[in-house]
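Should a chain be cited, it is by its letter among A, B, C and D, assigned in written order, with residues numbered from 1 in that chain.
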Amino acid sequence: MLTRCHFQINPFSNFQISMLDKIGIAKRIAKEIKDGYYVNLGIGIPTLVANYIPKGMNVVLQSENGLLGMGPFPFEGEEDSDLINAGKQTITTVPGSAFFDSAMSFGMIRSRKVNLTILGAMEVSENGDIANWKIPGKMVKGMGGAMDLVASAKNIIVAMQHVNKAGESKLLPNCDLPLTGIRCVKKIVTELAVLDVTPEGFKLLERAPGVTVDEIIKATLGRLIVEGDIPEMVID
Amino acid sequence: MNKTVKNADEAIKDIQDYATIMLGGFGLCGIPENCITALVKKGVKGLTCISNNAGVDNFGIGLMLNTRQVKKMISSYVGENEEFERQMLSGELEVELIPQGTLATRCLAAGYGMPAIYTPAGVGTEVAIGKESRKFMVEGVEKEFLMEMAFDADFAIVKAWKGDPHGNLIFRETARNFNPMMAMAGKITIAEVEELVPAGSLDPDQIHTPGIYVHRIFQGVNYEKRIEQRTVRKR
Amino acid sequence: MNKTVKNADEAIKDIQDYATIMLGGFGLCGIPENCITALVKKGVKGLTCISNNAGVDNFGIGLMLNTRQVKKMISSYVGENEEFERQMLSGELEVELIPQGTLATRCLAAGYGMPAIYTPAGVGTEVAIGKESRKFMVEGVEKEFLMEMAFDADFAIVKAWKGDPHGNLIFRETARNFNPMMAMAGKITIAEVEELVPAGSLDPDQIHTPGIYVHRIFQGVNYEKRIEQRTVRKR
Amino acid sequence: MLTRCHFQINPFSNFQISMLDKIGIAKRIAKEIKDGYYVNLGIGIPTLVANYIPKGMNVVLQSENGLLGMGPFPFEGEEDSDLINAGKQTITTVPGSAFFDSAMSFGMIRSRKVNLTILGAMEVSENGDIANWKIPGKMVKGMGGAMDLVASAKNIIVAMQHVNKAGESKLLPNCDLPLTGIRCVKKIVTELAVLDVTPEGFKLLERAPGVTVDEIIKATLGRLIVEGDIPEMVID
């Protein structure tokens, strides 16, 4: 199911653009997950990805507070205060799960045993830098495990809006905000497009259904490579 | 060995003003509730607290913030807490934010007698400012790492599920988190447990923290074990 | 996840000549008996073996020495073994002796993604030759440490007591020893277990090696578990 | 019980010196152990020390292959091949014991949680250097955990013979053999004497029963400090 929505405040407000909602982004990212993967999902849209992993695919979710084999939220009344995810939400485990301490958790992240990390971002630069932890002048809550994850993961997919609430592109030549990590993002999925981060810049791979290449070009401030026909994403 | 003390008050009685203390837990999960209450009661001030988070307004380390006992927090994620925000913005409270894995590994380093470790976390960011960095080959590619120092804490205060008088500890589920590393890292380590069992009742193969790392242990009371984000699904 | 393979032959089938392999165990305790037998049968040659010891004449890694499959041993203590001594003295076998804690920690470093660690072991001895050293303050005193590099092994072969198809492992008593660290350190990790149980049968709180570190697992057969020094007392 | 024996081949072969046997050395070292200590015992004489720890004293023995709470040898027929000490001997555990991996074992050694390490030596120098792992020209078996132990322990007692089989002193100005560790030995107990290692050299603390200060002086090649009356050891 693909929901259509509209930008609220953005440079396209005079257009009627079809684009993905958060669920659409999550569904598209779920297609990047392969059988046998260990995956770490950040807070926000990435968390939704868990709902769209194809049935029957063997995927284990890592929660960096010390769990491999994270399951869905508990049924009402079955919450266990000792069992939470990195977002501090009550969760459950699946058969074959394992608990461990925080040193081992970040140990397996640093040693690249986690195959895929999916997280949100405020900005991504064309060389793969990411900013997602701090806005100068605003209350800073901290980087949590994000700096460890982006510095270590061999495959990082960013799930984010293509433009911010002020209508400014979040895909930039250079990040303006304080960095979380450098040259680490491999792929970006937004409400408009799927893009690879290459040595030459953002490479457009897919358009959201109904979105034109021109619309993506206008929403992208960093260097964008468009080669040949750009197919429409297949979501469901 | 019998490292049992009566209660939290006795366990923390020699923690002095301006001490550096580690407190286990992730969010409100696996925090040493009894010792936090005792620290508030004792009124010890000027503390430097190493803890992944800083509690909420009326629970966890938040209780020690309300009484202005904390001079500095070293954490990876804070601010679920209005009083924290107020003190930080007013400059009353010093805050050092460090990556979560760096926090965990600096504890591990202390417990394992390694003066420093190398991590890629924070390379190219403001976390790297003033730190030594160094390149190593990783999977055939040169990669940059920061040198991060082992923590040096006067006390570590941890919460376990079960323990014995030797100080052997077993943790439960994700309430384990930072507790085992902090237990290893304190000059003096205080453990509060939900259940204190006689020596020999714990399976020696299942102990997460061997007693050699623990100096004082007691069975805590009235655990609230508050949930921060209650998320459920319908049947 | 189902990482189960049929047996040791299948588990080790892609180990090629001149590979670097880690083998768990301390003395003959906790060694991967089935995989050693399969390596002998396969006849793979020129191996670099990282293992605390090198077995005895007719058991453990000694079996691979008899067939001249080992080019180099990296160990902390060797030579309970006449054939080992003969090959070493004749120059057929290269031997690198390193401190036991350094061996363990270089495995840990690999498993925890730390390119190097600092240890005081070997400072001022021939172990320090050619190595970078560095002083750090420890308990107020300057102390010298050696920088030791994380191991880089193609395969790690470990032996556990129980395991499940996800690769989760539980070890028994002192048969744990180097096995958990080596399990974390291999590019490909092979685990043989005395008992392979269905996913969900192991208590997630009691798992020593989470399955993420293990690539292949099988239930071994005919464990001999030989005792090296049988010491007893009279009743 | 104190057994008396004689040097076989040594510079004192024309004397009749009373001195400690291995059991005597072990008994004397046992007196250095304090209530609440975690102790690592090396192979040889140090292992014997376990037999003379006073009853009722709380002492936990660490075995560096991964055990805290080592007990005596098993009764015949109760040997467990999974339960050995660092000398690869079958052992037992005591209540309150814990198993762990080798990284944690040497972690607790490096972080000085082990209060006392007792080990044998071939040579000790007057500045506390120790040599106990290698004799050039002979088959080298390796250092095992000895280098880690001597580099880390805050309190190291060496149990050894004062002179070697060739009659040469093992307490030297400098070690001739390849070193295991430097400036680390704190105390030495031999069949003749108890000595502290001080910045000024070996300091004689006690004589073995019947042994004279002169005999100790003759058997000590390194700098020996003798101040005041030297009491006789109290063993039992």
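Just so we're on the same page, a residue touches a chain if its C-beta (ideal position, glycine included) is under 8 Å from a C-beta of that chain, and two chains touch if they have at least 3 such contacts.
Quick caveat, the model's predicted, so the values are computed rather than measured.
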Review point. Quick one: subunit B and subunit C, Cα centre-to-centre, how many Å?
Key: 32
Revision key, fill the gap. Rounded to the nearest Å, the gap between Cα centres of subunit A and subunit B is 29
Check your understanding: Using the average of all C-alpha atoms in each chain as its centre, how far is it in Å between subunit B and subunit D?
Key -> 38
Study note, to complete from the structure: dist(centroid_CA(subunit A), centroid_CA(subunit D)) in Å evaluates to 59
Review point. Using the touch rule from the top of the page, what residues of subunit A touch 2 or more other chains?
Key: 67, 99-100, 103, 106-107, 109-110, 112, 152
Practice item. Provide the list of subunit C residues touching at least two other chains, using ranges where the numbers run on. Key: 105, 112-114, 119-120, 171-173, 176, 204-205
Revision key, fill the gap. Among line, ring, star, complete and other, the chain touch graph is other
Check your understanding: For this entry, which pairs of chains touch?
Key -> A-B, A-C, B-C, B-D, C-D
**Study point:** In the complex, subunit D residues that touch subunit C
**Key:** 63-67, 72-85, 87-91, 99-103, 105-107, 109-110, 112, 129, 139-148, 151-152, 178-183
Check your understanding: In the complex formed with subunit A, which residues of subunit C make contact?
Key -> 1-2, 110-114, 164-166, 168, 184, 199-200, 204-205, 207, 210-213
Review point. Which of the residues in subunit B come into contact with subunit A in the complex?
Key: 26-30, 52, 75-80, 85, 88-89, 97-105, 107-108, 119-127, 139, 161, 171-181, 208, 225-235
Check your understanding: Across the complex, what residues on subunit A touch subunit C?
Key -> 36, 38, 58, 60, 62, 67-69, 93, 95-100, 103-104, 106-114, 152
Check your understanding: Can you list the subunit B residues touching subunit C in their complex?
Key -> 105, 112-120, 136-138, 143, 145, 170-173, 176, 204-206
